[in-house]
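Consider the two complexes below, in which subunit A is the common component and subunit B and subunit C are the respective partners.
This part shows the complex of A and B:
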């Protein structure tokens, strides 16, 4: 056993044995204990594991991270950080993995929507949670999901009553202060009733000054979509340079449901983002989009998996990477079409732009097809900026650096443009602009 | 000491005289260092080769059989295989009447000339088409050009310095489980050497190399093309091979020195087993070439046979301006499984590679394309284009695509495209409407799908490969 594995096992064992957990319901205790077993059995993944072939766990495998126990108090600084993120709509804010009630507000939550901290839901919606937690994200298949479940306490329940429609996006925000090596393990549970529709934005950001300590966020999101339900999901990961992030989203889609995931990975020393969608009813539609922008020594790791288990479902995927400095971006996308899933229509694209000599990109698009009446395609490309396009701009008097920024921004924008116009998109555009500062300038003057 | 080893010891002739005194032409099943020593002695091999075999064997014992591939098969008992068997003398048949009529029907469909049919079935060939004389004529012509084309054993005897220089330089014995096994026990194979600046005057084919027709299940091929030379090598045969061996673990090494070109074409039609998946060959092959400056290596393969095909002909693009190509058609019908693809490792500047892979799945066949395109930091301006298409005929088969793309140089341009589809109803309808039978229509459409690869094959191979697809698809439609 590695020292890191021993550390995390110790952390989880102590958490589960803590006196304040004595009052937790039996089902939750069992779920945590089982997950701990699964975690111990699997151990931390290494590059010898096929699913982690291009991944670098970095400081995660050094195992100094521990969960925070004190409840964060509102401070002028944290309020300012939340305000700067400019998030419209009702929100729940967590600091270092602990709910910050004073920064949260569920005012303006539309009718038919329930948004509550997971702690409250454990008390109030025990039966629902017992039937759903750990059903989409399986602790026996993923070591970090198991670790998250073993430490399961904080998080969010978003519940949509049948037919509920929400115009305003629901925000869940996870901040890290970076004053200690904190391990956060949030769990987000989304249950969308029949014909409901909502937008959920998950934001992961740092509130500490530059040069803060490394933090480790290990998040799991489980989504259950009823028949004809629709969820727009956004994940904005803009943590500090030293941050480590592993996130996995698992969605199960009912008949004629629509799920759109837009994942933006801009921050962190190592950030892995997984999106898994499974069709359980015919006629479902899934859109999985992603944009990862890396600089310095960032390692941005993307994994998607689509499970076409039933006929007549459609899926579209577009993942783009912009890699500068020594950064490394990886994409591994699996499309599985099972034998019964006739008339599947699935398309996947991965494009990578390398901006520096030392940047790296790895792509693993993967098709597993067991049905014959299907249309499936994938494409992957790695390259640098088009010399002709650069020349065109230069010949019209645009300076080299500016032309490069313009083309880079245009490349990245395709993913942003897939986001419906509105406050969420404006927010993403601003974040992208700050990540590609030169391009933003150009945007303003254009 | 186990009973097996004891039995083995008691069966063995007196140790002092084992080199020459062994009477039997076939070793009893089993594998240990002693078997390898005897094998090497029997072939009169020099010391360096025996050492190499033993090193490979010791390494093999530390390795575990891989399990990552998308194929399933019953465990192989490596101790149940006999690792040496002298070429068998087949009974000569008086005429084609003695040959299984089903095989003859297949030959007819493939359009194989009568004299070739006789050759394949070991029927006495008449004077006009005496294969031996044909082969001899070729040999003279090759010798004049300075080309060495012989069996591996002959090369070890006649040109040990060349073998020693290049053996294992592309596929080291430690490369993988089956390559290590092959390195330890390979029985024979082919050796080709093209001198500097020579364009090999004809396409080389194992088919004409009569003396090594029975290369057995552990073949080893080594092709060395000196600076500025060219060779086109054809492997295999379009006619069905009723081989009884279960495991074929071959190794092919290609060395293309500066400005040389090697074109390696394979049409593989080993026995695929019956419709229920009984019998058939496990074709586990390691093929790799190394391309030096401005050299070109081109792999073309048409894989229709074998119960399991598992191979990745690869190119290490070591030199600047080197070129690698991989054109593949893999067809799986009934219970066949294929896990095949390529690796293109770009090291040199301006190196280019092209991959075109066409997979066809029918019946309950499973077809996987697995490939790696790796651009190292040194490979300035490297370029790769990959296209893999899959065609599914039937709802019980599978088609899978598992490409790996690793790019460590920003100036590289790497593109990968893949699609999966079935035969369009409209295309079928169009053919049927014009009086073409369902089966012919499918065969025609499938051939169109594979055209890009077939045009890379030498002419006569291309024609036969097309017919072969039709034959292999029989019974998969309707």
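This part shows the complex of A and C:
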């Protein structure tokens, strides 16, 4: 056993044996204990594991990250960070993986929606949680999901009653302070009843000063969409340079349901984002979009998996990467069309723009098609800025750096514009503008 | 003083000598036409003046307003007042036409120490200038040249020139591939932009353009050199006799195409 595995086993064992966990319900204790077993059996993945071939996990192994136990207090600084990142409307805010009640508010939550901390849901909605936690994200198939489940305590339940509609986005915000090597293990559970519709924004950000300590966030989101339900899901990962992030979202889609995932990965030294969608009923529609923007030595890893298990479902994927400096971006997209899944219509695109000589992109589309009456298309491309376009802009007086920025934004905007106009998109546009190369420079000269 | 002075300009592309000693002087207010057969170096001259990558100047110099031009970046040349209307305007998906042009104008204004135009003032300006070439508002909101017809692209070039108000405009085969209506529109725009302070260089393959834009001087370029210079009558002579009488290969073919 490696020292790293021993460390995380020790962390989880201590957590489960802590006196304050004695009163936890039996089903939860069992879930955690089983997960610990799965984690121990699988061990920490390495680049020798096919599914983790491109992920640089060394820092997670070496970091000796530990969960935070003290409850975060409100502060003017944290409030300001939340105000800057967040949107008006109901939200739950977590700091270093712990719920921050003073920064949270569920005022204005539309009728039919329940948004509550997972701790409360464990007490109040035990049966529901017992039936759903760990059912989409399987601890026996994914070491980090197992670790998350072994430490399962904090997180969110978002529940939509049948027919419930929410015009306002619901937000969950995860901040890290960067004053200690903290491990956060949030679990987000979404249960959408028949014909309900909502928007959920998950934001991961750092509240510490530049040069803060590395943190490790290991998040799992489980989504269950009832028949004809619709969820617009946004993940904005804008953590600090030193942050490590592993996130996995698993959605199970009922008949005629719609699931749209928009994943924006701008931050972190190493950030892996997984989105898995499985069709459990006919007529489902999934959109998996992503934009990853890397600089410096960032490593941004994207993994998608679509499981077309039933007929007549549609999926659309568009992932784009903008990579500068020594950064590396990867996209691995699996589309599985099972034998019964006739009339599947699936399209996948991955495009990468390299802005420097030493930036790197790896694209790996993977199609496994066992049905014969299907439409499946995929494409992957890695390129650089168009020299002709660059000269055209410069010949009109646009300075080179600004011209590069214009063209880079033009490349990235396709993913941003797939987000319906409104406060969520405006927020993403602002985050992207401050992330694109040359942003700081332009702000100074403006 | 001359606006543009080209002295003994030699340039090569991909190891091949294309310009072999060009001399040219353009004064403010003058319109010069440069004609010549395919491969004579017309477009290379335009590219060298605008600062396109991949062109190596091996001899000679270019002065703009008495100052060396060739050491400036393309954007600095633009800010100094040089404008190139492209033979093949580039399509730039995702960059809005009007946003691009405002960015360009404001970059030039910044370089000159002028205040930037805000969105409202710019829109007003653009609206007015677009009338020159009858470019309707729908084009302004589309991506730069994306999906434009050949004529629309060329009109967009002249529209940009109208907004940027350069001191020297180089029009590289702006007339090529245009139907007569589009040619009239483009020529009308160019004529409206003639002014005592502005110099223009029309690079063209076809004499027809000069029926609509009357030049002050005509130069014939062949094999990288200007072989004849004269007044407008030189263009008419070319129209009548082709390039052949100048002892140039390929000239007859070019003129034959022009007559068709």
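Going forward, the second predicted complex is superposed on the first by the 433 of 446 C-alpha atoms of A that agree within 3 Å, B and C clash if a C-alpha of one lies under 4 Å from a C-alpha of the other, contacts with A are read in each partner's own complex, and residues count from 1 in each chain.
Note that in this section a residue touches a chain if its C-beta (ideal position, glycine included) is under 8 Å from a C-beta of that chain, and two chains touch if they have at least 3 such contacts.
Worth saying up front: this structure is predicted, and the values here are computed from it rather than measured.
Peer 1: Putting subunit B and subunit C on the same copy of subunit A, do they fit or clash?
Peer 2: fit
Peer 1: Check the contacts made with subunit A and report whether subunit B or subunit C touches more of its residues.
Peer 2: B
Peer 1: Have a look at where A:378 lands relative to subunit B and subunit C in the superposition and call it first, second, both or neither.
Peer 2: After superposition on chain A, A:378 lies in contact with subunit B alone.
Peer 1: Going by the contact rule set out at the top, does A:411 touch subunit B (first), subunit C (second), both, or neither?
Peer 2: Touch partner of A:411: subunit C, not subunit B.
Peer 1: Regarding the shared-chain residue A:354, is it in contact with subunit B (first), subunit C (second), both, or neither?
Peer 2: first
Peer 1: Closest pair of CA atoms, one in subunit B and one in subunit C, after superposing: how far apart in Å?
Peer 2: 15
Peer 1: Give the list of subunit B residues in touch with subunit A in this complex.
Peer 2: It is residues 68, 375, 390, 392-422 of subunit B that touch subunit A.
Peer 1: Under the definition above, what is the set of subunit A residues touching subunit C in their complex?
Peer 2: For subunit A paired with subunit C, touching residues are 386-389, 391-400, 402-403, 406-407, 409-411, 413-414.
Peer 1: If we count contacts the way the header does, which residues on subunit C are in touch with subunit A in the complex?
Peer 2: 50-53, 73-75, 77-79, 83-84, 86, 89-95, 100-101, 103-105, 107-108, 111, 143-144, 160, 164
Peer 1: Help me check something: in the complex, which residues belonging to subunit A touch subunit B?
Peer 2: Within the complex, subunit A contacts subunit B at residues 50, 54, 339, 342, 352, 354-357, 359-384.
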